[in-house]
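Below, chain A partners chain B and then partners chain C, in two separate complexes.
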Partner chain A sequence: MSRTLLRVENLKVYFPTRTEGGIRRRYVPLKAVDDVSFTVAEGETVGIVGESGCGKSTLARAILQLIKATRGRIVWQGEDLTRLDRKAMNEKRRDLGVVFQDPLSSLNPRMTIGNIIAEPLRRFRSELSREDINAAVLATMQDVGLNREFLNRYPHEFSGGQCQRVSIARAMILRPKLVICDEPVSALDVSTRTQTINLLKGLQRKHGISIIFISHDLSVVRIVCTRIIVMYLGHFVEIADRDTLFGSPSHPYSQALLSAIPVPDLHSQDDGKRVILEGELPSPIEPPSGCVFRTRCPIATNYCIKREPVLAPRENGARVACHHV
Partner chain B sequence: MQDNGAGGRADKKVLNYALRRLLVAIPTLFVIITASFFLMRVAPGGPFDLVPDLDPLLIENLRKAYDLDKPLFEQYANYLGRLAQGDLGPSLVYRDRNVAELIAEGLPVSAQLGLTAIAVGLFFGMLSGIVAALRKNTAADFTVMAIAMTGVAIPTFVTAPLLTLFFGLYLGWLPISGWNGGQFTHIVLPVCALALPSIAGIARITRGSMLESLSAQHVRTARAKGLPESKIIIRHVLRPACMPVVSYLGPAIAGAMTGSVVIETIFGLPGIGRAFVEGALNRDYSLILGIVIVYASLIILLNLLADIIYGYLDPRVRPR
Partner chain C sequence: MTAPLLHCENLHVRFRTQDGEVLAVNGVDFEVRRGDCVGIVGESGSGKSQTAMALLGLLADNGVSSGSVRFRRKEILNAPAEQLNRIRGSRVAMIFQDPMSALTPFMRIGRQLCEVLQEHTAMSRREITARVMEVLEIVQIPEPKRRFEMYPHQLSGGQRQRVMIAQALLCKPDLLIADEPTTALDLTIQAQILDFFKSLKKRTTIVIITHDLGVVAGLCNRVVVMYAGRIVEQGPIEEIFMGPQHPYTRALLAAVPRPDWDPDKPLPMIGGQPPLATRLPKGCSFAPRCAHAVDRCRQETPELRGRQHLKACHLDLPQ
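Showing the complex of A and B:
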């Protein structure tokens, strides 16, 4: 087992929301991320899946300290990031890359591609000469498959896929230890998506980078990740290795997610059984009592209303938060 | 990372763009002149109505002397002909002066006043707007915005007399009126009165656009890169935040340069703004047209300038 790079312990991210009406303001917390723990080992790719609004992006931003964690620890190479002041945290960002969801708007429209990719170098490697920086930028651009002629062009001149390559180049140029990819391909069309995923995988293999890969698209996560976390309404409901999860999902929510993936093979063994979820995602301001999933769960019982399940290990190695499986 | 070859090409593009815009401006000016010329003539009265009980024969002779007795279209053609040679014609009210002289006298006064006021407004307006945005929802923000709101709401014909009353009469620090060749003490009060609304306006615009660009996604990216906050503000926030201010400044400078009637009247300044209003009241046709041409040209020029600056601030709107 390789060394642990990142350990998230009992992380909670609550947002204050104001209730409507009434003279006196009352602040009710929106529980975007509620008591989650996990680890990322060196060179590992962890996937986080779940539907929109389940707290995936909030989790990513909290790890990066772009949002303050309400409670919990984020231990990065033995140091708790939540206790660092802004300056000390900024130093840590050298090893913590990020690729955001929206390719175009994540890039400053007023900077050239070259300057965007070079900025992290100028920040953290100020000893480098202009020529060195230039060479590093061109090398990284080649790494991610960007033509060197793009150096002095601006983001708006490029397609979404190319912009995402710029983001990846920017995130990779410092050779970080961990890159958090927050829905990096969901804004791209399918063909570009495959290229971008292959690019990420290639870079990871080449440089031994750990990746937290956030997506709502299971077919993408299946290609990229070795371990997968299934998230629902701010909670982790299942953590399992890829093959375990895709082979035999334990949690009813995981089963529902997996059964929603279309199977392209006409003669497949797919028995056509679908786990259809009823209703909508409950509000994270007033989450259901007990198990958060019980309002949509096909096997929920009265017991699920009373007690909140905890992640517990199963025989197949997965950890599942459910009373009934 | 600067490629000078590309920079040179971009400059040439900008020059081409400017020339094209100026060519397009010629028909615009022509339309403005034509419309003003005929609109003015539709208004009742004439330049010689001021003196009561003037001998009708005298009026007839005056009209002849200034070619006002000729058909309107002939007058129009004559005016355009002279204008093409750079002649703005004689003033109909100030009999011994021509329009060019009057403008040459008044414009520098108004321009000096207006530009100083805009400079003051830009400095204090942007400064307080930036502070307000960075300290959003704090006492500093509320104070700045309350003062700015007041500044926008109170017209100059209220602030100017109050300033005069306090600093001129009560404290006796500054002269209350007159130009005196643009002496510093004479400029202070009118500039303050003129600058207050633009400080307020610019502060509000700056705060709004700062807040908008602070929440932009690429600013989040900059934070994730680990840049120090000051760098984030300067490199990633300030430039986009300047854009609404630039577009506000174009017409604002043109307006400020051509003078404020209220301020020039209250402080007794020999500016072009006062000449314009007096010209309009006296039906001094050639003077009105002259000032309209100056004002329109300034507006066109400054808007062009604002668009060019826009291109430097944001590559997406750069001329191709």
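Showing the complex of A and C:
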């Protein structure tokens, strides 16, 4: 078993929100991430899947200390990131890369591609000469499949897929130990999406980095990740190995998510096994009592209203938060 | 054989921009028969949305369309606004990708829906309200009475999309054009809406525009595949999915990770980027990215040929 790189313990991220109603208005917490724990081992690719509003991006930002955690610990190589001051935290950022969803808005429009990719080096490796930096930038550009002629061009001249390569180059140039990818391919077209997925997988294998891959697209997560966490309304409902989750999903929500993937195949559509959930995601300001999924769950009982299920191991190795499976 | 409901012939759409003329749609021919559910598939910039916009005369101000579009045998391309307004919203309805920006934010849902019927029918106020409530039931919106009084921002994305569909169905249109109706929605909500579209097929003829081949697979009976402003392949859904002829269609189908794909193998991919509409290559637009391209592909633009299953490719690739 390889070493644990990141350990998140009982992490809670609450945002204060105001209720409606004039004078009686009061502050209530929006529980974006509510008491989650997981680990990432060296070289591992962990997927976090869930629909919008489930807290997956908040979780990523909390790990990066871009949002303050309300409670809990984020232990990075034995050190709790939530306790570090700003300066000490910034030093840690050299090992933490990040790729965001929207490739264009996450690149500074007034910087050239070359400067964008070089910036982490200038920030963290100030001892390097200009020539060294230039050589490293060109090597990284080659790594991610960017033409070296793009060096002095600007982000707006490129398509989404190319910009995402620039983002990936910027995240990779310091050889971080962990890269957090928040919906890195969701804004891309099918053909550029496959290119980006293959690129990320190739880089991961080549440099042995760990990846936290956040996505709502299960078919992509299956290709990229070896262990997958399913999130719903701020909670983890299932953690399982790829083959276990896709072979035999345990939690009713995982099952519904899997069957909701639109597969481009005529025969997989009408076998009557599709689970279509009723209703919509409840408000995280007033989450349902007991199990957060019970309002849409096809197998919920009265017991689910009363008691909140905890993640518990199952025979197949998955950990599932459900009273009934 | 009866005339098709919608017949689109040699449709071109051009936009004048600062960077010169953009040829967004470059000679598109297709027809939609009554009862069809046609999927128009393509990546961003393929011209699929502009095709739909041009059909209904909804192009941006700098856009010009030419060619011919006949709806129920009448020419509607570049028809005067009065003529178009008689069919838009009543005979042909459209659903857009982003329901928030397609609904008026300061009008209650009920009023927005009633307005459609006031415009297009001579129904009494009571009949109108009854019809609106009926359609809200059809689109399976929870608590329709309450939604009737609400504003768009008070609804979730899935509910707004249902309101949009309701609005489109009010006048019992002959043709419903849906432009990426589920793209902005979450997976489980998308599954709900797609399931609903399946039941909708019995009520009306549908053209659905999407980048997602998975959406088409469970829904349509015919597929049109577009690339760089042209149709590269079209035909019955079984033939497109089971025996795709055009290399782009094949690559597109192969690029979507299937549930049985070995995750440790790299995904088959299409190299390169789609061409810019301002600088289309000579010959076949897909040739620079095509693994099978020969000299002829780079010289001559292939025409869309065939009877039921049409393709625009010089090559006859083995299955």
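Please note the rule applied: the second predicted complex is superposed on the first by the 312 of 325 C-alpha atoms of A that agree within 3 Å, B and C clash if a C-alpha of one lies under 4 Å from a C-alpha of the other, contacts with A are read in each partner's own complex, and residues count from 1 in each chain.
By definition in this document, a contact is a pair of C-beta atoms (placed from the backbone, for glycine too) under 8 Å apart; a residue touches a chain by one contact, two chains touch by 3 or more.
Being a predicted model, the structure only gives us computed values, none of them experimental.
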Joint occupancy of chain A by chain B and chain C, clash or fit: fit
Touched partner set for A:198, first chain B, second chain C, both or neither: second
First (chain B), second (chain C), both or neither touched by A:105: first
Included angle at chain A between vectors to chain C and chain B, based on C-alpha centres and rounded to the nearest 10 degrees: 70
First (chain B), second (chain C), both or neither touched by A:151: first
Contacts of A:86 with chain B and chain C, given as first, second, both or neither: first
Gap in Å between nearest CA atoms once chain C and chain B share a frame through chain A: 9
Doubly contacted chain A residues - partners chain C and chain B: none
Of chain B, residues touching chain A in the complex: 1, 3, 6, 216-218, 220-229, 231, 235-236, 239-240, 313-316
Residues of chain A defined as touching chain B within the complex: 64, 66, 86-87, 89-94, 96, 98, 100, 102, 105-112, 114-115, 118-120, 123-124, 130, 133-134, 137, 151-152, 154, 156, 167, 170
Complex contact set, residues of chain C against chain A: 43-44, 142, 156, 158-159, 186-192, 194-195, 211-218, 237-238, 241-242, 251-253, 255-259, 261, 263, 266-271, 273-274
Contact footprint of chain C on chain A as seen in their complex: 51-52, 159, 161-162, 189-195, 197-198, 201-202, 216-220, 222-224, 242, 246, 256-257, 259-266, 268-270, 274, 276-281, 296
